[in-house]
Structure formats: structure tokens, C-alpha cells
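Presented sequentially are two complexes of subunit A, the first with subunit B as partner and the second with subunit C.
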Partner chain A sequence: MGYEPKLVCFSCKFGWGYLRDLDGPKEASVFLIPVECSGKLDAIHLLKVFKEGADGVLILACEEGHCHFQEGNFRALKMLYLLEEVLWAHGIQKERVRIAFSLDPEGRGIPDRIVQMKNSLAALGPLDRALL
Partner chain B sequence: MWNTVSKGTAAVERAVKQYLPPCQEQCPINEDIQRTNVLISLLPDDPETAAPAILQIGDYLYDKNPFFSVCGYVCGLCELECNYHAKGGAIKRRLLKRFISDTYIPHLETREEWSLIKHKENVAIVGGGPAGLMAGFDLSRRGYRVTIFEASDRLGGALWLIPRYRLPERVLTSTLEGMVRMVGMDVRLNTRIGQGKWTLEKLRNEGFKAIFIAQGTPTPRTLTFGRNQVEGQDLSGVMYGQTFLYEVSHGNIRPNYFTGKKVLVIGGGNVAFDVARTARRLGGETSIVALECEDKASRDGIPADVEEIRGAWEEGIRIIYSRGVEKIIGESERMKGLVCPRCVRVYDEKGFNPAFDPADTLVLDGDVLIVTVGQGPDWTALQEEGLVDGHGRLAVDPVTLQSRNRKPVFVGGDLRKIGFMVEAMQDGLVAAESIERYLQDRDMTEGRKRVFEVQDIPMRRHYLTEPEVVWIPPEKRMHFQLFERGFTLTEAIEEARRCLACGPCISCKACVSIGLRDSLNPAEVLTDRCCGCGICVSACFYSAIQLKDVDMGRISLTDAFKCKSCGMCVSSCPSGARTLGEDALEAALMTAAAGLQNSPGAVP
Partner chain C sequence: MGEKPKIAICWLGACGGCDEAVVDLNEGLLEVAEAVSIELWPVAMDFKYDHLRNFGKNELAVGLVSGHVRNSEHEEVAHLLRERCRIIIGLGTCACFGGTPAMANLISREEILDTVYVKAPSVVNPLGKLPQPETEWEGETLVLPEFMDHVYALNQVISVDYFIPGCPPPPELIKNGIRAVLTDDLPPKGSTLAPRKALCETCARNKTKPIRLEIHGPIRRIHEVEADPEICFLAEGILCMGPATRTGCGETCIKTNIPCRGCFGPTPGITDPGSRFISSLAALLKVGTTGDPEAVMASIGDPVGYLYRFTHPVSTLGERCLRKATEETP
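And now, the complex of A and B:
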């Protein structure tokens, strides 16, 4: 293949991996950013990381009904619907952004999800930053 | 695994006026309910790794409420006001606390005592119940030398009247022993104050600079009909509920004591139900005769809790509503039955004033009569010590609990006002604060009355339903073991997760204490960018944002006491007029951006 996609992963601190000290993935191409709540993420934040060189964004949010701040996870989903349209308008595939709703206190599932996301990004190829 | 830390930023703050979640406002001692609920919700689901974290939560609770292990079995006042009440059932806080208690009790039994420096005055506490022990515990931690004078042969007072099937003996004894041991209080058992050689004057002469009287209500109320005592209360087979429960808890009544006997219990309160259910477990064919009617919503409704009534009914106890007792029928010095006219009214505008229908009378047969119609203090002793005013009431300031007649004396607990266990504990804490102020010659009232406002239920689309509480089936329940099943670790985490954490951060800070967040900066508004559109108002789940008209136009403002720093308003603001100050997300994005630029991307 010869191409390794760069991935930014936002994870909710109240739902994912709070029982482990997450050093972050060891690969240089994955950037893990724990946030207080997925609802805190703005489309601006995501566009920014795309601009800086990311090929895809993965958001790890809480399971439905389990958000510590009531329903920030739902807000994040709403934001994504809009962002997908914006990306599409710029000719960027919607599949470059993905959100997962679950609870994973130990963060056991995070590496797997990152691998899956990277595989689908690899299939898409590098993001043409001129589109942004 | 996380560790709770007691650094400054993680300490809950106390203010004269503040918002609290409704449960904490309802709790007389304002236990940090939300904080510990959130901590339970963040426990690992593996019992072995969870154990040390459960003890940390227990230690935190113990610091403020050394009785929490008992509360976890018998209280639950907070659940009455839970915001979730109308949306799927209150959070089962009592069972969550019982869950912590079950791990904590063995730890408490071996926990090392606190090393406290007792350099302050001697204080005497009269009565070793919840009020007295709480005052003694608090004063000892403040550095006072405390001596508890207890009339009976063990501490605990009215807590011993709670039947074993609701509160296991080990939980109670370990809690009581733990309290005395942890702070090093001096206890003198079998010492009744106000009788014989021990008077308040003597205590003063012995060097006690202040005295807290919390003797409770040891005297059972007798049965009356109209204005007269009901005759026959001296017959054999007639006893009083408090005395009965006391004897049972002391192990003086053998199993099957009532087998083959018809037991009649008079009273409609929780104590009457405790008595009836205890009598049933001792083999008696038991009936409760209550003055009040079945409809709890009416003014004359039965005061006992729904759970008690349900439990009694399941156990085969007959409940006879709206009946008074006019006469006890005796036969050769033994009680044989009751004459019960129908009660048509219990309360009128002025208060307790029952009226009966003489035409409708029921005669009940019985071998044993247990009268449980309330209890009162030992008035003779109080009068002798000059603590009563001209109207025959206790002369005591309700805010400071200081006696109006004798300044070094403070009065509290059931003796002052019959209530729940935690209300007596509150009196103990109030008295401890008053005693310190009195001994330090400070203002007794300044800042004592705190005003709390209750936080409303947050907006949400999904509410979760409450778990079912499992009771052992009635046919397997006729013993003095617990009949209610506690939470497993998984159930406790699940239930704690249901808590909406509706209260503000200032009285919680669970996330800061375990390092999940560094700080809790309330959202700020850049007024020159804010156009007053109000999107943030609807974005905030906690109604912490309001619009305000100023000179330049309309802007939004954040109530810093309600703001939970979640950032919903920041991400929803279309003009970037809201920030969370020095936010970790911005810094993390900068780092990631630098990394992305330096990362090669393509691997050869």
C-alpha cells in the first residue's frame, strides 16, 4: 500500500478509558485527544485538524442515555450531520468522519476501532487538502 | 485505576447561598450525594480492582457522616426529592450507600484511629444515640475532650429498636464502635444523668464546660380514648412497642415466643409496623389496628411508609384501618380482646382530635396487645434540671439548640423533636458548632442559616427506568436476616450512572478529585462578539444562561454557580463569543496540529 493515513481520535473522558492512563497510541500517525464531552466538539475543531493534515477523524462518544452532561453525545451527532454536508460540498468523502457510541471504561476497544478506521481511510487514499 | 485526591481544587465548597441537587438539599446533613454517586458510576466492574476505590469513596463519606453505613440500610430521605422521581424513579441512593457500606464495614473494623490533639475544653454528652454520638464525633475532631454518658449498657440509643431484618447487628455495632474508637471518645455506660447522684450541676463541677443533652424519648405514650386513659393497660399480655423492640434486640425474647398467640398491635407509624413484623417473625398471628385510614394522600392517612405497609401485608399481617381502642377486655388479669369503634376523623383544623362512630364497633380477640402509639421524653428529669419553660415545653433556641434557661447546656435529637435518625444527627452537628462558638465566646447565630436553592431537572430526551429492588419472598422471610437484596458491583455502577448529576460542580467536583478534569472554569462571554441571539440559552442543559439587556444591546450571561463547564454553549455559539478560558481542548488541538504537520503521512 505504502500509505499510512493520519487519524485524529477524540474520546469522551467520561465514557472511554477513564480507568487507564492512556498514553495514547504508539503510532506516530494517530493523535488521541480526550475531551470532557463529545458535545463540546465544534465543526471548527474538526475542520482544523483536517486542515493541519489529518486524513480522518474518529469520535468516541458515550452510549445513548449515558452522557454525563445529559446528551452531549446527541449534540455531537447533530454536529456531524451538518459537517458531513459541508465536507461533501467540498468534495470530501463523508466516511472520513466517524462516530461511535459506547461505554468502554478500560479503553480496551480503542485500538481495534482505530485500526478499522485507518483501514477504511487507507482505502479512500490521502485527503486532497486543496479541497479545503 | 483512578485515585481520589484531596488537593484544594477537588474540595467541595460551602457557601452561605448556593445551588444544590435536590437530594442534598433534602438531606439534613447535606451529604455529598452527587459526588459519591458520580464516583460509584466510574468504578471498574472488576470487584478486585474496584475494592480500593470503594474504600476511598467510603473514607470520603465517613469523614462527614460516620453513620453512613447505617443510613445505607435505614434512611433514604434524599430519594423523596430526587429529580428523577417523576421520570422513571428516584435514584436508589440508599442501596448505593448500602453497597459502599458492605465493603466498608470490615475495613472500618480494622481502620487505624485518627491521631487527634485534644487540647480544648471538656464537654459532656448526655445520651449515646445518633445525636449525641454525632456531636461527640464532631467535637472530638475539633479537639475537645468528649465524655458520653449513656443510661443503658450500650451505645446507639433508638438505633437498637430497628429490627435486625432491616439493619444487621454487625453493621450497627461496628459503626458505633468505630465512631468511639476513631476519635477516642470517653464513654460511661449505665450512667443515667438526672437521677441519683448524677446531675447537670455535678457535671459542671466535674469540669465539663458545656453539656449536650440528647437523651431521646424513652417513655412510651400510653393509650388514651377521648381525654381518658384506656383502662386495662396494666393487664398481663399488654406491653409497649419500644420496650418490646428493646427486649428483642437484647435477645431477651426467645424465637417462637408468640407461636399460637394472637398479637394485636396498636398504631399506624413505622415503629408500629416494625413491632408487628417482629411479632410475626416470633410466630404470632398478628394484626395492626390503626386509627388512620388507608388512603395515604388524605389528611387522616396512615403515616407509615408504603414499603412497610407492603412488607407487612406480604408477610400476612392483617391491617385494620380507621379503628380506635375504647376498652381492653380483661379476664382474670389477662388481656382477652379489644373494643374498637370506627374512627371517622383523626385530625381537625386544630390538630389531633379523633372522633368515633359509637354505632360501628368491632370486637377483636387477642392474647397479646402491643401499644405503639408514640413516645416522649422523660419530662420529670428535664423539669428537675430546669430546662422547661412556663408552658411545659423545652426552653431551647431552635437555631443554636442552646438552652434558654442554662447557657452551658444544649439540647437536641428526638428529645427536642421526634424525627428521622439523620435529623437527630443534624442536631448533633448543630450542637457541636454551637458549643464551639459558645466556648470561644463567638457570635452564636451569625451565618448559621444557610439558604440553598434546588437545581431543576436538566433537559434530556432519554430517561432510564429504575431497577427493581429484590425482596426475599414472604414465605422465606420469617426470620431476622435481611429481606432486601443489596446491589452487586455491576448493579451499583449501572444505578449510579443513572444519576443525572443535576447539581452544580461547586458542591461535587468528583471528576476533579480523580483527575478526570483539571479545573472547572465557567463559560465566559466575549461581550463584543455576543449578539444576544440566545442559541446558547437553549443549548445549555442546566439553564445556567440568561440574556440581559445592556447599553450595547442584548448579551448572554452565565450563572457561574450553575455552569458545569461542559462546553455545549461554546460549541453551539455561531459567532465564537463563548470560551471556557484556558481550555485543555485548545491546547491539545495545538499539539495535535504540530504533530500532524511533522508526521510523514506516507511511508515509503
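And now, the complex of A and C:
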């Protein structure tokens, strides 16, 4: 059987709609988590996701200048830059976390983005958990 | 008058700084010696582990245990102490959270052994021999403790009743801890015998913090600047772990113009101080949407070493169940 990467997708409900209402991806390997704002994501959420067995994380944030809470999207980006170093030190490549800034209130683009992310995760292969 | 309560002060993987902190009780040590009988203290007095083995179950009132668990000897002694002491106090940052030596968790066991015993410039080891737990030599079996695959905090190996953090722990907290045990005035088990507030709340520089704390531009390290001895480090753009660290240390670093490095561990309720600090730092950094956040973040040299300097084994990614090096990785 082929390797099926486990992906967790956090999406801002203002910029990307309510993911649960989507007709989109229903695979068991994709976990969709709508959040109030991407800036509400704490570094510990991403660490826990990897600790619990995810292979990658996709964050869907609002476009620049369109954050409902002024600068939550930018805060998420700053948090990510620091977190990447922590993840890398534990053997988690930077490519395993991706953040996308766009406005897509009906979430039409989400299935495509998930497929893209899963493909790049599949190319990376399973996560080496020796240091986790 | 009844018999004096017996105590043990013991080190596992430790530098001896915690034992030094006990010595720093100065005259207070005489009071302690008056009230209790010190039955084991390998650093200061001539005791062997056999002394410990000869005690009955729960015969010792309290064991002050410093240091992390990295090899099978540490593990064995930790279990011996647990069995013979009614109360175990994890003394110092290594016992509470793993401490600085736990930065080695970011490197595999094999790599460490290879570097130390084969590749280091001063080592000549053409056969690539590594230390073995058992070696046959002239008809005898020589035994060495087994080097584990990970550095563990004490409470990941045995149950610990109370914690006194600090690198080293302030003598005042040690004295209060011993007094609390002797007078049976103890908080619920599992408590840390230190204040519950964050360091910022007791820091003298807190009043200089602007109403809206913001860090502009690159992060600076303490040796790169001449820091003002009065002003909040974060307001000056110098990283200080104060907001994510428990107070009780007496702000000794701050008083000598060194920012907090986080040896007292997280405030109550927080399991991963590093990630909390990342989140708060992300909020504090004002690089502006037109600025380059990556360049500012890159100005922090070794963020992992900074964020998890003392707490790696108890952090989200570093936490691991105890397993021997010879056991298979799950």
C-alpha cells in the first residue's frame, strides 16, 4: 500500500469559510480544523500536531491587510518563522509546514491546496521520528 | 526526645551545583544538621550506595535528589531512593525539567558516542570501540552503567513529591522546603515549592516596561550591547525569558544585568515554556507588514537552545517514555 501522509489543516473561518460545511475532502488522513483567526494558533498546537503523528500542517490565513483582527495573519507568520527552527532541530523539515495567505470565503480552493500539500508531503516521505 | 528524622541528599546526572546550594545554607546548615540526621550525601561526605541499600523501606524521611537521569546507574539510584524515602524532593532544574544537559536530546545517542569516543580530535580509537555495559577482562566481568538514548527529568523515572527548581536553587527555597517537611506544613503532592507568579511580576525592571511593549528591529544578545541596568530587557530588544518563567530565584541574573534564561521553568499550568514564549514573542515583534520578519527572526542565534535551554525533556516534542537504548524504537 502507498504511503498516505497525514495532514492537519487549520483554516481561518473569516478568510476561508467553515471547512466543515465543505463538500471537499473527506479522507481520513486529512484533519480540518477551522479557527477563529490564524493569529489565534499557538505554537503548542503545531507542536502537538506533530507529536500526535501528523506528517504536515497547512495553515490557511487571510490575505495581507484583510485580517478581521488587524494582524493575526502576520502574527501567525512570525510565529512560524521561529517555530520552523524548533521543528527542524527535531528532524521535522521546514517544508512540512506551509502557510497560505488568500481570501476564499467559500473555500473552493481548499481541496486543491490540500492535494498539493499532500503531494509534496508524499515526496518528502514519512516523518523521521527518531528525535520525537 | 525521639530519633531525629533521617534525610538523604543525593545526585544523579548533576554538576554538583545543587549540593553546593545546600552548602550555601551556611549557618542554616547547622540548624538543619541539628534537626535531622544526614544519612547519605555522596558529594560532601563519605557514603556509598550500599548505605542506601541497607535502609528499610520508607526508613528515610526525605530525599533531596538533584540531577537528571541519563544512564542505568542514575535510574537504579533513583529507584532505590524512592523506595527508601517517604518524601522525594526534586532539587534543581535538572531534576525538575532535565536541565541544560538535556540539550543533548537533539542529538542521537549514536552520534554522541561516535563523537566522544571515535571522532573527537584528541581520541585515538582505530577499532572504533565504544564503552560496553559488560566487558570480560582476565576472567572477570567489568560493568559500566548503560548510556540511555535520552535525558529524562526525575519525575519521568520515579514519582516525585515536591519540586524545588533553579540552577542552582536558592538556599532560601531549600531551607523553606526542608522546614516545611519537618513541620509537616506541605502543599498537595506534586507542587513546586516556589512562588506561582511569573518572574516579570517580581522583577524590579517591570516598572520601566512601556504600556505597550514592542520590539522593533533585530533581536540583540546581551554580550552585543551595553544593557541599561534599570530598563526591562525586552523593551531594549534583548530576549528575556521572564514572562514565561516562574519567579522565586531572587532575580539574581537580572540584578547582575543578565536577562532571565528560564532555569526556574514554566509558571503553573504551562507545560511547554518554549512554545509559549514563541507565541508571545511573535506578538511583541513589530516588524511591520512591510518589514522582513524572517531577517528579524534570524537575528536570534540558536532559538531552540534559547527556548528549551532547561526544559527540553518536559517539552511537547522532547517528552518521551523511559526506554533503554537496547530496546527497539517504536
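Note that in this section the second predicted complex is superposed on the first by the 125 of 132 C-alpha atoms of A that agree within 3 Å, B and C clash if a C-alpha of one lies under 4 Å from a C-alpha of the other, contacts with A are read in each partner's own complex, and residues count from 1 in each chain.
Here, a contact is a pair of C-beta atoms (placed from the backbone, for glycine too) under 8 Å apart; a residue touches a chain by one contact, two chains touch by 3 or more.
All figures in this text were calculated on a predicted structure; none of them were measured in a lab.
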For this session: Considering only touches as defined above, state whether A:D42 meets subunit B (first), subunit C (second), both or neither.
Result: both
Exercise. In the superposed arrangement, does A:F14 touch subunit B (first), subunit C (second), both or neither?
Worked result: first
Exercise. With both structures placed on chain A, which of the two partners, subunit B or subunit C, ends up touching more residues of subunit A?
Worked result: B
Exercise. Thinking of the overlay built on chain A, is A:V86 touched by subunit B (first), by subunit C (second), by both, or by neither?
Worked result: second
Problem set entry | Which of subunit B and subunit C A:H68 touches, first, second, both or neither | first
Exercise. So which bits of subunit A does subunit B touch that subunit C touches too?
Worked result: 42, 44, 48, 64-65, 71, 74-75, 79
Seminar exercise, completed: Seen from subunit A, its contact residues with subunit C in the complex are 42-44, 47-48, 50-51, 64-65, 71, 74-79, 81-83, 85-86, 89-90, 129-132
Problem set entry | Interfacial residue positions of subunit A with respect to subunit B in the complex | 2-6, 8, 13-14, 18-19, 28-29, 31, 33-37, 39-42, 44-45, 48-49, 52-55, 64-66, 68-72, 74-75, 79, 105-106, 126
Exercise. Which part of subunit B faces subunit A closely enough to touch in the complex?
Worked result: 1-2, 38, 42, 44-45, 49, 458-464, 497, 500-501, 511, 514, 516-517, 539, 541, 564-568, 570-572, 576, 585, 588-589, 591-593, 595-597, 599-604
Exercise. For the complex, which residues does subunit C have touching subunit A?
Worked result: 105-106, 108, 271-272, 274-276, 278-279, 281-283, 285, 287, 289, 293-294, 297, 300, 303-304, 307-308, 315-320, 329
